[in-house]
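Residue numbering begins at 1 within each chain, and the chains themselves are lettered A, B, C and D in the order written.
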Amino acid sequence: MADLITYREAVAEGIAREMRRDPAVVCLGEDIGAAGGVFKTAAGLFAEFGPERVWDTPISEQAILGAAMGAAMTGMRPVAEIMFSDFFACCWDYLANEIPKVRYMTGGQVTVPLVVRTANGGGLGFGAQHSQAVENWALAIPGLKIAAPATPADVVGMMAAAIRSDDPVVFFEHKGLFASKGAPAPEGHVVPLGQAAVAREGSDITLVALAATVPLAMAAAEQVAADGISAEVIDLRSLIPLDMATVLGSIARTSRLVIVEENPYQGGWGGTVASIVADDGFESLDAPVQRVTAACVPLPFADVLEQAVIPTTDKVVAAIRRLTSY
Amino acid sequence: MADLITYREAVAEGIAREMRRDPAVVCLGEDIGAAGGVFKTAAGLFAEFGPERVWDTPISEQAILGAAMGAAMTGMRPVAEIMFSDFFACCWDYLANEIPKVRYMTGGQVTVPLVVRTANGGGLGFGAQHSQAVENWALAIPGLKIAAPATPADVVGMMAAAIRSDDPVVFFEHKGLFASKGAPAPEGHVVPLGQAAVAREGSDITLVALAATVPLAMAAAEQVAADGISAEVIDLRSLIPLDMATVLGSIARTSRLVIVEENPYQGGWGGTVASIVADDGFESLDAPVQRVTAACVPLPFADVLEQAVIPTTDKVVAAIRRLTSY
Amino acid sequence: MTVREEENAGTAPAIGRDELLTLYEQMEVIRRTEKAAHDLFLSGLVKGTTHLAAGHEAVAVGASAALQPGDYVFATYRGHHHAIARGAAPAECLAELMSKGTGLCKAKGGSMHLTKASAGMLGSYAIVGAHLPMAVGAAWSAKLRDSGEVAVAFFGDGATNIGAFHEALNLAAIWSLPVLFVCENNLYMEYTPIGAVTPVGRPAADRAPAYGLPAEVVDGNDVVLVAEAVARAAARARAGAGPTVLETLTYRHFGHSRTDPAKYRPAEELQQWLQRDPLNLARQRLTSAGVPEAALTAAADRAAAVVAAAVEEAKAAPPPDPEDAFTDMWADGGSAWRT
Amino acid sequence: MTVREEENAGTAPAIGRDELLTLYEQMEVIRRTEKAAHDLFLSGLVKGTTHLAAGHEAVAVGASAALQPGDYVFATYRGHHHAIARGAAPAECLAELMSKGTGLCKAKGGSMHLTKASAGMLGSYAIVGAHLPMAVGAAWSAKLRDSGEVAVAFFGDGATNIGAFHEALNLAAIWSLPVLFVCENNLYMEYTPIGAVTPVGRPAADRAPAYGLPAEVVDGNDVVLVAEAVARAAARARAGAGPTVLETLTYRHFGHSRTDPAKYRPAEELQQWLQRDPLNLARQRLTSAGVPEAALTAAADRAAAVVAAAVEEAKAAPPPDPEDAFTDMWADGGSAWRT
């Protein structure tokens, strides 16, 4: 295996692989051309593929997604960047009402094979309007597939699956993971959407996590291992399709569940997971289901305040201890 | 008690009462002036209060909410209408990033006492882009209060609470209920946000509902009553604040819970309710928690298709029977 | 993917007498379909809502006459005329409105979402302004594929005040895309006169300079003038000269939607516009060109027969299967979202 | 509610020598605060990101000189200069950037959200264009209350391409509101030259006619010209004549944000603009007006002292209490969302 690569590099690598494969793949977004994107996640694409395939746009999020949609309906496979996921709010109509609905509401006459990529999540001190984890916004919308990888190899493999998907995919790249490193993806690596990964096996309790909460859950699992608690960590990897089979299978063995989410509790994606477990997995449960989430406040700027409101290893550990001693 | 009034009339009545009380209350929205709003929910306001207090706007949802916000920050109490809740997607930035965050992110320097009213929900055959129930979108946003009344009297009482609130309130008026009738609200009627109503008492199972799913749950409760099943129906009335005390208190007696939601399962508000119950109410539960929701598809136009995907009395009855025979 | 292979060559020829007769007949078909939709709504056979385009026929028919089969049209909730002008049969449109399984969109779309992708009618969109960026994207795609196609967005005067309008025109301008922005200015945004909410006299054309774009104001009730203006703009677009804004002046004969009696419109205004009925104008042109009255009557009769048959066909069509509510979701045919 | 009671009367007087010296000193304070912010960022004491306004001082200081205390200012993530020009102390700004409990926003906002409501600085907003409609709303409120106040939105050249810009200008125009739209055109939208994404030469001023609004292009590096233009526009607004678009031409001295070295800018361009440094221009004006060099030095020294003290004060300030993460949520002081 070659040297480790960063999650950030994996994004550009994942896109480049698909652009090499398929000339219908084109990119658009703000400052993604010569500048390589503000997070450098498009680095190298402009140099390799040129202005015919990598398009700088004005600050026009609606036009970016609307144009991507129109192009996807007419033979292209656009990969649109929305710089920060918070800005989904500026083009939400396209993500909520247009892109996901057009296939269905035309009785299947059109498909919309596009990817909307975005830098998601907190931890970098960017304040209330640049730090949100909004996978849960997308989850509420029928018609979107949702990818949120946690490792560089998954970024590459899921990017391949996303770009090849004939359905629209929202691809969440976590800002807090950009600098993290991992094994590179093998050639031709494709990770199908809808397959959770068991990031750590365990028998006493199941931790369900996504993107940046995966390392958080792993750290908590390590910590309680010292006390002889064996925690299984499931990285959901995608929210739609949602791999509940893996989650329910794990709980059937562990009987206990903690869900670790970056979004707030109310309206968070863990509510969907928890309610499926409270229904289909009811008989497996030997303890309450606990969700470790952000608080119901906008994200504050200062680290010390942010720590108070977002999920931390300590909070996950406390949840594990509560449930395992229940 | 006077004659019954419609839910539609109650909206205008609720606004008018507050406009009479407080000169800082002003309305803005598309076609709300002389036309009285496309659903006639602003009928009479222009005639009574004139163009200085009831403002017709262009088709500019972002400007409507942005202007309401700026006015609320500087001494007014705007009541903004977004014609259909689906169009929240066109001004989501204001609902997700601006209005709910500005107080917190300025360290409490400003307040934003405004109401965003909207016609929400399906059942009228308006198709995929004019029929959504999107209370769950708002639920995901810290900083918004959420009202969704089910009866004319609650419309008036909660409108008073909403307009008097110093926090921003999203007020969902259900399209499917506009023509429904109920007792008028007494003078000075105020229903505080965050207080659920027990619409029907029962001892065998708890049904939690909101807005148009309240009559649905009531009908199901009536139907199973014939078989001796006593269902309690809780009308949440508001999602934020969320009255879980009433829900948990009910489950402590009934041990069984069905949640009836108009939004899809994934990302729906019932996930939040269910997960709280699966945690704080775990010991009360004698059966799985079941959510009766819309399917994960855009809302189809034809009635026969719509019935297949939205919650119906039959589906609620089936859920009740499943859980009570568990 | 919705790729079509037709050749797009040249611009529309000048409109000859025979062609004009055909366009007139198409307008008659649209007018009668709209009338049928209105009646079916009142009799309860059409549910939900309708936004009828009677009065706007010349815009759709004139524009379509100037377009190629491979071009892309994006329309609004008031889009029956565009669907029919691009080739949708009245029967499949009415079947859609009547919630029939044979409807254009299998009764999943309804009146506001008529779509016939196989004819380059890429949809009707019910969120004001949302489709303008889509048309820009289709034009971008045409440019990327060097296909010679153009994209056309039809929209109302009221749509010029929403943000998506601005973003679409700007992007189209800087990328110099083959897209036409065709405003159907019918003087009203629902029940509000457009002048009450727009500070310029020509809401679309007066704003083209803000994007460095050329604009033309066109008599939207004269099918020939519309066809000529669209042909010019399409030729410019195909030649790589970028987008054009066309503002067509027209008027709707019915109210905004459903049973709106449109009381907010002055009686004289309505009268004046009814006199400028696009069907009358076309008939006058045909008569001047020497087409005998009998030929006009025959065309109108054919249109009437088509629509009468369409109504019967749509009435007789079966409802959709409830199970079809779960098809057309994902591209692989499934609708599951979890395991 | 944030209502303030100050009287707003008349327009700003012509700028005299003494006042200009004061404005120069304010610009020095801003420049040095930005330099301090830059250094504190590099030394790790400022977290997150910063968007420094060094180079833009004349816009903020000139505009503030022409405004009344009761007027409302809405700014962007690049808003330190506006906060200080409206009366925020450098110490409370730097404390905010350094995550201190004494920060302007109690360390909940950070660099992108500096706000001083008590001084009519109603916030810095980090979503491009979002605050333009808010300023329109504040102006609407001023009109409703007949308060004589005006609202000002400052925004960048890049913001002119987002939908909210369009909707805001349109609404302000039709309601004839007392609002000023002041564009700080610094030639770049992040790393992309504005000309590459905008089809008109003056992205704000060239678009004013689309809303029937008057516009002026102003040398944004000359504090006197800015003050005069803003005074004219504010007087118009207070007189009930509606909004004005002002496009100020300026340049940022640092990169877009954080450690951006701004390599995408030609060296000559940078040189030219540095020669037109707003502080130099103000000094030249003062010297021409006969103000002795010593007075200029004294002003600069006072500014330096203020900022040096501010840095120390901010460094010494305590961090916020973690429990404060749960205050300022609801207006009643609580943060609970459920029972």
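To be clear about the criterion, a residue touches a chain if its C-beta (ideal position, glycine included) is under 8 Å from a C-beta of that chain, and two chains touch if they have at least 3 such contacts.
Keep in mind that this is a model prediction, so the values were computed, not measured.
Q: Count the C-beta pairs in contact for B-C and for A-C, then report the pair with the higher count.
A: Ranking B-C and A-C by C-beta contacts puts A-C first.
Q: Determine, using the mean of C-alpha atoms as each chain's centre, which chain is farthest from chain C.
A: Of all the other chains, the one whose centre lies farthest from chain C is D.
Q: Centre to centre, by mean C-alpha position, how many angstrom separate chain A and chain D?
A: 36
Q: Could you tell me the distance, in whole angstrom, between the mean C-alpha positions of chain A and chain C?
A: 39
Q: Indicate the whole-number Å distance between the mean C-alpha point of chain A and the mean C-alpha point of chain B.
A: 30
Q: Mind pulling the residue numbers of chain B that touch at least two other chains?
A: 57-58, 60-62, 86-87, 89-90, 93, 97, 104-105, 127-129, 142-143, 240, 242, 266, 295-298, 300-301
Q: Would you please write down the residue numbers of chain C that are in contact with two or more other chains?
A: 105, 107-109, 113, 125, 127, 130, 161-164, 167, 170, 174, 196-198, 329, 337-338
Q: Sort out for me which residues of chain B touch chain A in the complex.
A: Going by the criterion above, the answer is residues 86-90, 92-93, 95-97, 100-101, 104-105, 127-129, 134, 136-137, 139-143, 239-240, 242, 263-272, 274-275, 277-280, 282, 285, 287-291, 295-298, 300-301.
Q: In their shared complex, at which residues does chain C touch chain A?
A: Touching chain A: residues 1-3, 72, 74, 103-109, 113, 115-118, 122-123, 125, 127, 130-142, 144-145, 149, 151, 163-164, 167-168, 170-171, 174-175, 327-332, 336-339 of chain C.
Q: If we count contacts the way the header does, which residues on chain B are in touch with chain D in the complex?
A: 26, 52, 55, 57-58, 60-63, 65-76, 78, 93-94, 97-98, 102-111, 113, 142-143, 165-167, 194, 240-246, 276
Q: Residue numbers of chain A touching chain D in their complex, please.
A: Within the complex, chain A touches chain D at residues 30-31, 33-35, 38, 56-62, 86-87, 89-90, 124-130, 266, 295-298, 300-309.
Q: Quick one: which bits of chain D touch chain A in the complex? Just the residue numbers, please.
A: On the chain D side, the touching residues are 47-49, 96, 99-100, 105, 107-113, 125-130, 158-159, 161-164, 189-192, 196-198, 264, 319-320, 322-326, 329, 335, 337-338.
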